[in-house]
Structures are given as C-alpha cells and as structure tokens.
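First the structure, in the form of structure tokens, and then the observations on it.
Chains here go by letter, A, B, C, D, E and F, matching the order in which they are written, and residues are numbered from 1 within each.
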Amino acid sequence: MRLETETWTDAAAVETDLALLPVGSTEQHGPHAPLGTDTVDAEAVATAAADRYDDPVVVAPAVPVGVAEEHREFAGTLWTSASTFRAYVRDIVRSLAAHGWDRVVVVNGHGGNAAALGEVTARIVRHDDAYAVPFTWFDEVGEHSSEMGHAGPLETSLLQHVNPGAVRADRIDDAATGGSDRWGEWQGRVNLAVDSHEFTENGVVGDPRSASAERGEELLDLAASALCALLDAVRERDPRPRVGE
Amino acid sequence: MRLETETWTDAAAVETDLALLPVGSTEQHGPHAPLGTDTVDAEAVATAAADRYDDPVVVAPAVPVGVAEEHREFAGTLWTSASTFRAYVRDIVRSLAAHGWDRVVVVNGHGGNAAALGEVTARIVRHDDAYAVPFTWFDEVGEHSSEMGHAGPLETSLLQHVNPGAVRADRIDDAATGGSDRWGEWQGRVNLAVDSHEFTENGVVGDPRSASAERGEELLDLAASALCALLDAVRERDPRPRVGE
Amino acid sequence: MRLETETWTDAAAVETDLALLPVGSTEQHGPHAPLGTDTVDAEAVATAAADRYDDPVVVAPAVPVGVAEEHREFAGTLWTSASTFRAYVRDIVRSLAAHGWDRVVVVNGHGGNAAALGEVTARIVRHDDAYAVPFTWFDEVGEHSSEMGHAGPLETSLLQHVNPGAVRADRIDDAATGGSDRWGEWQGRVNLAVDSHEFTENGVVGDPRSASAERGEELLDLAASALCALLDAVRERDPRPRVGE
Amino acid sequence: MRLETETWTDAAAVETDLALLPVGSTEQHGPHAPLGTDTVDAEAVATAAADRYDDPVVVAPAVPVGVAEEHREFAGTLWTSASTFRAYVRDIVRSLAAHGWDRVVVVNGHGGNAAALGEVTARIVRHDDAYAVPFTWFDEVGEHSSEMGHAGPLETSLLQHVNPGAVRADRIDDAATGGSDRWGEWQGRVNLAVDSHEFTENGVVGDPRSASAERGEELLDLAASALCALLDAVRERDPRPRVGE
Amino acid sequence: MRLETETWTDAAAVETDLALLPVGSTEQHGPHAPLGTDTVDAEAVATAAADRYDDPVVVAPAVPVGVAEEHREFAGTLWTSASTFRAYVRDIVRSLAAHGWDRVVVVNGHGGNAAALGEVTARIVRHDDAYAVPFTWFDEVGEHSSEMGHAGPLETSLLQHVNPGAVRADRIDDAATGGSDRWGEWQGRVNLAVDSHEFTENGVVGDPRSASAERGEELLDLAASALCALLDAVRERDPRPRVGE
Amino acid sequence: MRLETETWTDAAAVETDLALLPVGSTEQHGPHAPLGTDTVDAEAVATAAADRYDDPVVVAPAVPVGVAEEHREFAGTLWTSASTFRAYVRDIVRSLAAHGWDRVVVVNGHGGNAAALGEVTARIVRHDDAYAVPFTWFDEVGEHSSEMGHAGPLETSLLQHVNPGAVRADRIDDAATGGSDRWGEWQGRVNLAVDSHEFTENGVVGDPRSASAERGEELLDLAASALCALLDAVRERDPRPRVGE
C-alpha cells in the first residue's frame, strides 16, 4: 500500500512489518531524460515489487532530492549535503518503525546516494529499533548492470517503460555522441574527478541508443523480482544474529 | 516549468530567477482523506500559479515529509525533526539559487511546517545568497481561511478538485462526528497539548461535510492568485532594503 | 521563590513541581525605551504571578538574550541563532526538572522568541522528562493585545509601571512620529521583510503615546492573572493524555 | 554604559570598541549564599570597572546560567552543556562586534566556566571578526586569590559588599563546619571527582567566616583595577601580532 | 619526509604541495594478526611511496582509529562514528593545506573507512582550499586485489614483510579454518549483515595460509608504485577542470 | 598490553577494567625537537606505567593530532578543532568501555589538550557507562614541573631518553636563544595571545640546554610512578560516590 493515497485508518489496518522507502534524486540526466528520472525509477521499482509481493508492504513517498552535488554544474540539479540526507532518511525510517513497520528497504535510484545510505542504514540497525537495508535497483538487473553509466541505456529504458513520453527520443543521438563512455577520470582505482562536468560534456555516461521500452519492461521485472527476494530475506532476518548460534 | 519532467538543457534555457518549492507532509488526515493530502495540495497550488504566471517559474519537486510529529499516534504519519527539515529545505533552496533561481517561494501545505519555514527562510535571506519566503496556501484564501481546521473543509475540497477519488466520500460523516471542533486544548492563548491525539479521536478538526470539488476549485483559484501576486512582489523585491532609502 | 536570591538549602525545602523561566531579549525598543525592556517585562510578570500564586513556584533567572537578529541594524541589539537559543532554554529546563521542578512555564517577553519556544517546549514534552509550555505575556492581556506593536503602548506602559524612570518620557513623541504603524511589509499574509529596519526608521511599531504607568499596572494584573490560571492548568495537566481515556 | 538600561539611540552614540560581557552561574553556594552569587559578583566587577574606566565601555547583560553541572546534586543549580554555553557566549560576542564593539572582555564569576571561555574566546580571535579574552575576577585579587574555595571568603565578602543582606549571616558557622577545605579529591595532580557532592556535604569549600563587607570592598577595588588594566591592554592590542615585527 | 620525526624548521624548508595522510584502524584481524594491522600497512605503503618518489612528499602521522564498528563484537576493536572520523580527517587535511601541502592523498588501510573517505575528500575538493583523494592500498595491487578478504592473505603478507614477528604463525591454520570465505551475508547485491560477527566466527575472511613475506614484498612494491603514479596525477591535476576546456 | 600489537583473541583473554589512552599532538617543538614529540612522550609514559603495573592494563594506540591550533604558524603543526578532538577521544573511550575496559586514564602529552580532555572525561563519567580521567605527564614530575615551557628541558629530556637521536643536539643552543622564557603575553592573569608565534620566534619556551637523557630517565620514572598510583586510585574508585556515605 502506498502511504500517500491511503488514509491513516487504512494504514492502521495493515498487518505487516515491511516497508519500502523509495529514494531518488533531482539531477541532470543528459539532454534526453528528465531531471526526475531517478525518483520515477525508484518509485516504479518499489511499487512494482509491493504490488507483486504476497504480503502487504507499506510504500512511503519518495525522497526527491539526494546526494547529487557532483552534477551541480548542470542546470536544475538539486542536492543536499550527505549529512542532511542521512538525517532526513533516518528520521523517516524511524517514523515508519514507530508504526510497527520496522523492517525497511530503502529503494534507491541514484548511485550518488549509495554510500550515504549504507552508512545510515547500518546506523539504524545498530542503534535504532529498526532493521534497514539499501537496495539500488540498477545493481540488481543481472547482466544489464554492467551497462549502467549515467542517463544511459538502463535508466532511459526503465523510464521509457514506466513513463512513456518522458524521454526526448529526438535527442538520444545527441545524448550519445556528446557524452562520455566512462564515469570519472581514473588513475588506477582512484577517481580524480569529483564532479561529472569534469568528464562529460552533456552529462551522459554510456550510450542510451540501446535503450527501449521493452528493455525497460525487462529491467523492471528483474529489479522487482530481486526486491521481492530481498523482502523475503528481510522478513525472516534475525536483526541481531551471531554466527554459530 | 516543473523540474522533474524537464531536462537540464531545457532548465538551462529558462530565463528567470523565480522558483517555487512545494512542501507537504505525510500525515493523518482523518478517515476520509489520504496521508499525502498536504503534498498534493501544495503541489497543486504551486503548479497552478506557475501555469498562470506571465513569466517562467521553476517548480521544484515537493518535499514529502515535514514537521508532523504532532500526529505521530496516527498510523502512517511520517516526520522529521524540525532541525532536519530546515536543513533539507535550506540545502534545496541553496541548490536552486546556485542555478540563478535565487528568489524562492516555499509553497507550504502543512501548518506544522510554518514556524520552521519562517526560521529557515529568514536565515537564507540574511546569510545565504538567496531570497526566500514561505507561503502557506490555506492562509491565503480569503474568508475561507477561518475554517481551516485539519482534514477539514478546505483541504478536503482542494483535494476533491485536484484529485477526484482521493477522498473517501463514504467516510465524511464519520470524519465529522468523530473529530474535534478546535485545534488544541487551550488555557488562554496557550495550547497545552503537543499532539493531536490529545484532542481529536479520529484526527479531524473541523467539519469536512462542507467540502466540495466546486469549493476546491475556488480555493485553488484564490490561492494561485495570491501566489502570483506574491511572485510579483518577490520579483521586484530589493532583498536588502532600508526604510527611507 | 526566585532562585537567584535563595540558597540551595532553601530551594531544597520548597515543595512544588512548578517553575517559571522568564525569557527576554536585549534589543532596540525605539529611542524612548531601554534595550532590556523585554527582560524586565518578562521578569515582572513572572514574579508577580509567583507572588500571588497560592502554591510555591520556583522562578529561574531571566534569559537575557534571545532570537532578535531582526533588529540587528539597531545598535545594542544582541542575539543568538534560534538553534543556540533553543539549546540554552532546553538545558535550563532540563536542569530545573532534575530538581523535581518538572512543570515549567517559559514566560516570554519577546515576539521573536515565540516560534523557537514553541518548538523547544514541544520537544521537551515529547522527549525529555518534563512538561513545558511557553507563555507570551502580551498575548494574554485581553483587548490590549491588539495594540502590541514594538516598543509601543504595551511594553512602554508595563515598563513605566514596574521600572519608573526607565522610559525616556521626553522622547515618546519622537518615538511615535518616527515609527511605523505596522510590523512588516506584507503581500497578502506573507511578510516580505526579515529585519525591522526595512519598515521602521527608529525601531518603533505602534504609538507609545497611549502608554501610561496606570495602564502598565493593569497589564501586569491581567498578565499575572492569566499566568496564574495557566499554572493551575499546568499543575493539573496529564502530560501524556489521550482523548477519550 | 549598561546596555539593558540604555536605548539603542544612546548606544549608537557611544564611541568605543570596548565591551564587557559578565558571565555568571546559578548554582549552590552553600547554606549561606544565594544561588545567584556568581552572576551578581561578575556584574558588580564589570560595572565597577566600566564606571571608573576613562573611556566608555559597553556592558552587556549578564549570562545567568553556565557550566555548573558539577553542582547538579544541590537543589537549584542550573546548567547548560559546555557546548551550548560556548555557542551562547559566541553568538552574543559576535552581535556585540556587529555594532563595532569588537574588543570584548568576558568577565567571569564562576570557575567552572573558565575552560569553556578560554576555548570560545580563542576561537573568536582566530575565526571571527573580534578580539575577546576571559577575565575571572577572583584570579585577579592578589594574595586573596589563594583563598578562593567555593562559597568561601572571597565570594561571600564581595556579595556582602555589593548586596548587603544577600548573605545569611546566621548560617555562616554551619557553612564553615559542614564544608570541605579543598576542591576535589586528588591523586597527584588529577581530580578524581567530577561533582562537588563527592567531596563537600553542604557545597562549601573554604571558610566563609573570614568574609566581611570590608574585605568585599577591597576585593571589588582590586578586581576592578585589574580589569581596567586589562581594558588598557585590550584597547591597544594588535589582534594579530607576530613577535619581532 | 615523515612529519613526526622532523622539526618544524625542516618542514618549513620542504618545497612541495604533496602530502600523504595514512589512515588505519584498530580492529580485530583474526587470531593471528594484530589489532593494529591496518595502521601498520597504511603507514608502510605511504612511507615506501614517499621514499621512492622523485619529489619530496610530506607524510603525516597515521590516524589509528577509524570506522570499524562492524567489528565491535571482537575484543580490542576501537571505532569512531563515521561523522567523527570525517571531521577528524578533514581537520587534519585542512591543517596540512594551511602549510601549503594542499594536494593530499589519504592512504587508507581499512575497507570500512572507504565510503567516509570518499565523502570527506569530495567535500574538501569542493569546499575547502585543498585537493584530496583517497587511495586504498589493497585495491591497487593488481590480480592480488581479488583475494583481499579480511585478515586474509594480503594483509597478512604485507605485515609479514614490513613487521616480521607481528603475525602469529602458529595460529594461521586456525585462522583459516575458523573464518569465512566471504564478507557479508548476501541477498543479491545487498549485504544483510552489518557486523562481521554475523558471518565469521573468528573474524577472518579468506585464507591467510597463502600469505608470505615474499608476497608481502611484492604487494608493497605494487601498492607503492600505484601510489607514486597517483602522486604524479595529483601533482598535475587541475583541481577545477571542465571537460573540453 | 598494547592493543596495536595484540590479537583480538589475546585481548579477549585479558582480565582488567583498566585502560590507558595516550594522546599526543603533531606540532612544532622548536628547531631541535621533532613535530611528534608529544605523541612519543605520551606513549612512553603510558607504556612504562603499564609495564610496571602489577595488574594488566590495556594501552590503546596514541591519538596523534590534537588541539594545537595555537602553533598553526609553524610549519608542520597539525590540529583539529577542540570539538572534533573531544568527539574522537570520546568515541575511542566508549569503544574501550564496550569491551569492559571502562576505567580509562587518558595519558596526555600536550598542554593544549588539557582543557578539552577535562571537559570530555567529565562528560563520560556523568553520561556514559565509563569512568575516565586525564593525566598530563609533565604535571606529575615533582619539582621538574615548574620548568615545563614548550620544547623546553622536560620534553627534550624525555625524548632524549626514550628516543635517542630524535633530538637535534646541534640546534639546542639556537633553540634556547631564539625562544621565549614565558608562555603567553600576560596582563595580570590573562593571556592576551592566542597563538605561540605571538611571543616566541622559534617556537621554544624555556631553556632546553638543561635537558639530558639522564634527566629524561628520571622524568619517565616519576611520571610512570605517578600514573601507577593513579591507576590504583582509579581501580578502587567508586564512580558515583557521595561524601558521608
């Protein structure tokens, strides 16, 4: 059940301890995909998983702005400090847990959020009365994951499937040719660049020409399946296990 | 232009310094109205004003969770501390300003956010490179404002207009009879209650039976007009005036 | 009993759980009233109420500097950030509560403190082992309240009564003519000004010519009565009530 | 000039960059001296020095609650965290400096404040646009300083001089016999005790029987002289000197 | 040059803007390797690189405690919050930069520090007057990197090379058999475990039996070479580049 | 036992609740003594005391950077804010206590750390589940203590004893003649200087010509003895005593 559209009386009647918190970003996605791509994608994956899951799952509203300062040079990108972002996510997870929905998967649509989510969910598990893990959808789509990039084939495809018309089809060629083929500027395993404008002219990494609505449908199916499997694991998880016990 | 659905290249082409940041809440709105009421209403007012305004206005995505701990005893209510909320709003306004959209109206849909927004916007004006003011839509609808309550006729009407079907019509009678006619428990001008469950059984304050989609349409028109008038004033405002100069 | 003038042994002997914390400000009050007006007034109201209350009431020393950055352009105005102010007040209330005086009314003399006090007292009630409410004296003087302004007839009158000589009588005409008749610069219900020098040349809002020591005596009586009634309510208050129980 | 009793217009007319900020404490001072002793004493020293200084000196209102958690077991003691205290003092000093009074002596009446004041004044000198130093009056009274204790002969004497009647003369014998002759419990140079109730039964350290109003007069004279000499030095101080230049 | 052993006068004479800050951890490394393994290893790599680099490089003392709460159930593990750790590292990097050594590589020996270092170095680059990147030595040793584990062959080997005798050779068999072959408990790409005792009985991940001092020598050579290559890149780096310019 | 060189299994086998946390600094020590002097000295004292103490004592790795901003003008000095330093020390002490070593002496080698350590250890005793006290070695060496200075005879001697070769013997004459004979610039009991470059040209205070390895041996013996006596007292200490009980 999506909290936004339910009443509190209906929420009170749900019997579950599982919740999903979609977390997106408002940030540049090249000349062809909208600034809200990450939020739309995260919400789509969360909703699809909740819909197909066999038990009720509470879906919180999506966090629309995250850790995206790396795109600050591209117009329209919004961001918070990582510290503010963690506080915002933690407060929301704690209020979910206050209603008994204390096993929370944070469904993430933006790579730049991942480290902050790892830190805050571990803190929640160790110090709050809740269990929480982050799930980044494009890491959970099998072979496709290797083509992630930024505003590349994966994000573009998923958006074309869940929100046809959101992608400017006529700009995809420009998107591909004005972008970069790799995230970052690397010396060994170290990325020397902190901002994306240092290595991509139009904000794109990867080739969105291999995107399609069909591929998006497949990505959604893969990600939702993976998320359902994770919900199974989270539902059964002993939050404070010890090996050998 | 709504940032979520635009690309960065389109955002870069807009010539304006005006932006709107809708701020809602996910909180109980009685047995008849959804938890997302405040967010939907704030977004509707912001979008309507931007649509009818003569100059371009950037509309940021809505902040979906705010200062709503006072409803914590009602299932599904989410909240952050006032301090986290201020940090989240301030970071977003500063990133809007970084793109040149440095005159920002925070379009608020939840009374509990108002004090925190007053504090953070004053801080932005005094100490950041931006001008910001809060605008709470239900304070700006003329005579109607006196009937605000909570989940009462105003919020219910606006929702019925902008999102028909979101309101459970069959529960409005229950909503009215199980609610309270006044926010708070008062001794003189002091509210002794910090949480809404101290004075309302079902979360409602006011009588939503006087709500209607028609009234909602009127409310939207009034609020959007007031917001456009405010945009005029903000556009012309000297951010650092001195009387007599 | 005023803590400042009592010994700890006498404080230990008091049987009460009621305390008052006066909170003032050091800020401009026009050419005729001193910078310490708000502190003096808050202390006077707190002391008068404690004196006439039928049970013992502990009176803490007054907090002399508050949220007054809006007057920063007028010499002598001192201020803290709202965040520092909340921390200072919260720490003091918690130390009062540590001695068993855990029902605290914060007696406020400055409008600029009100929002911060509302936030911090609610936080204390919800998360600390104490009950606290703010009481702003000039909101509790019946019909007079509508004439509040700033350095206007109310504050001036109370000061003339409790501290004759503090007000420069020979400047009251100038105070009246060089001031403003309204706080703020308004577009609808939104105040576009964050600082008082944007709308008043000499810092005054309202007409202090209608002030008098006699009126001050009446104001003190009204405010002290209202505060005693609040102490009754606070003494009986269930800190964690639920409607219908 | 004492800010509390002056108007902003008078404050604006003062030509000086020197200010004093008295800092006291509300804390146990044995069975014979009031909880407000430190605040009264700090104010008295600051006022006496300002009165006799040859140039104008701004005197801010006294900070009434400081770092006194070590007396928490004695009724009526109020305290803030050291962190809150530093923030409160720093904000006030910065607002003094905003009016051009940017050479500030913090006149301290409580030993427990000293470390926090040392830290915050150094931070102000290094990172804010102001120069500030702490001055603890009982360290600056010559031979007397060695008898400081707590609620002992020095504090008691000064209070007897500046506020006759504040000290309960009939309890001084009890104060002396029920107290301790040393602050702390020591192993070498390390104090093992964090709170005063660990080593003094009635809160007193030292023998207040050697106190007198005459001695208080002498103490005030010594402290005020020392403070005036410090004002001379502060007035001439290059805030950012380098040896040999 | 290692700062610890140099005088300030020698430090003042160095002409470079390059500095290394080793960052370790004090945490369990199985029954065979000491708690200080990460610190020793990070220092060894930093020193080796500085020694062989053609230009002078300042080496700061190693930060000995980091983000290691995941090992809290194993005796002797020390940790700070990620937030404290970031503040500590940031302050040190800023003080390095204050002396002109404003191109800093943070040489990291502990996987648990990596995310926090990524966040804080990006913040330094964007908002402080310094350029900083993290370098985690075991990510930069070619094919070996895939065998990292925890207290496994890599860390053990390097220690055996740089600090013969630190490893308890007689416990390596136990270390191998009582450990785990994988870090974490995984559902898809999500690690369900927040602490290492959830998946390893003796703290080991991987098989330290394939460790040797010879392998350690090779690892040190590989890591130091990679770090020198990184120093080259950092020395030449435009801290604020833009693609295409 | 020194944690750095022990395994967790050995640490788990130790039966004690006593721990030492050495705290140093990386800061100028004149032209003759290395930047790491304070850290080396603090570690030497802690290790010597642990070695000779009759019960096991856990020795944590030394904190290498502290509150040393006062030396910022001398190359190579590193520092953190006092606030960061307190957080770092507090986190480490709490993790020591998590393993049962909850009586901790912080062995300090730098005067600039003392006030911050006093604050943080008192906070730990009052609010965490641990007992902690600071011990500054050069305050505990009898008559010698009066000659402390900075980079003077005491620090130089101890270093010559524990780390022969670390001191540049050929610069000691220069150190003595280019230094100052007093810390600070004083008006009465107030130090007007916040940084050491304001009163010493080469960073030295005191005369290191009276240093010798023999004296260092004596200093180490005195300090270690005093620390052992303190460990006795800490071992027996009732953390929450009340006089008379």
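Going forward, a residue touches a chain if its C-beta (ideal position, glycine included) is under 8 Å from a C-beta of that chain, and two chains touch if they have at least 3 such contacts.
The structure displayed is predicted, hence computed values, not measured ones.
Of all chains in the assembly, those touching chain B and also chain D are C. In terms of C-beta pairs in contact, the better-connected of the chain pairs E-F and B-C is E-F. One finds 48 Å separating the Cα centroids of chain D and chain E. If each chain is reduced to the centroid of its CA atoms, chain A and chain B end up 26 Å from each other.
As a whole-number value, the distance joining the C-alpha centres of chain B and chain F reads 55 Å.
Across the assembly, chain F contributes 69, 83 as residues in contact with two or more other chains.
Judged by the touch criterion defined above, the protein chains form a single closed ring in which each chain touches exactly two others.
Traced around the ring of touching chains, beginning at chain A and stepping first to chain B, the chains run A, B, C, D, F, E.
Those residues of chain C that touch chain D in the complex are listed here as 3-9, 11-12, 26, 28-36, 39-40, 58, 60-65, 69, 72, 74-81, 83-84, 87-88, 91-92, 95-96, 98-99, 166, 168, 171, 202-203.
Per the touch definition, chain D reaches chain F in the complex via residues 69-70, 73, 82-83, 115-116, 118-119, 121-122, 125-126, 133-136, 139-140, 180, 187-195, 197-201, 226, 229-230, 232-234, 237, 241-244.
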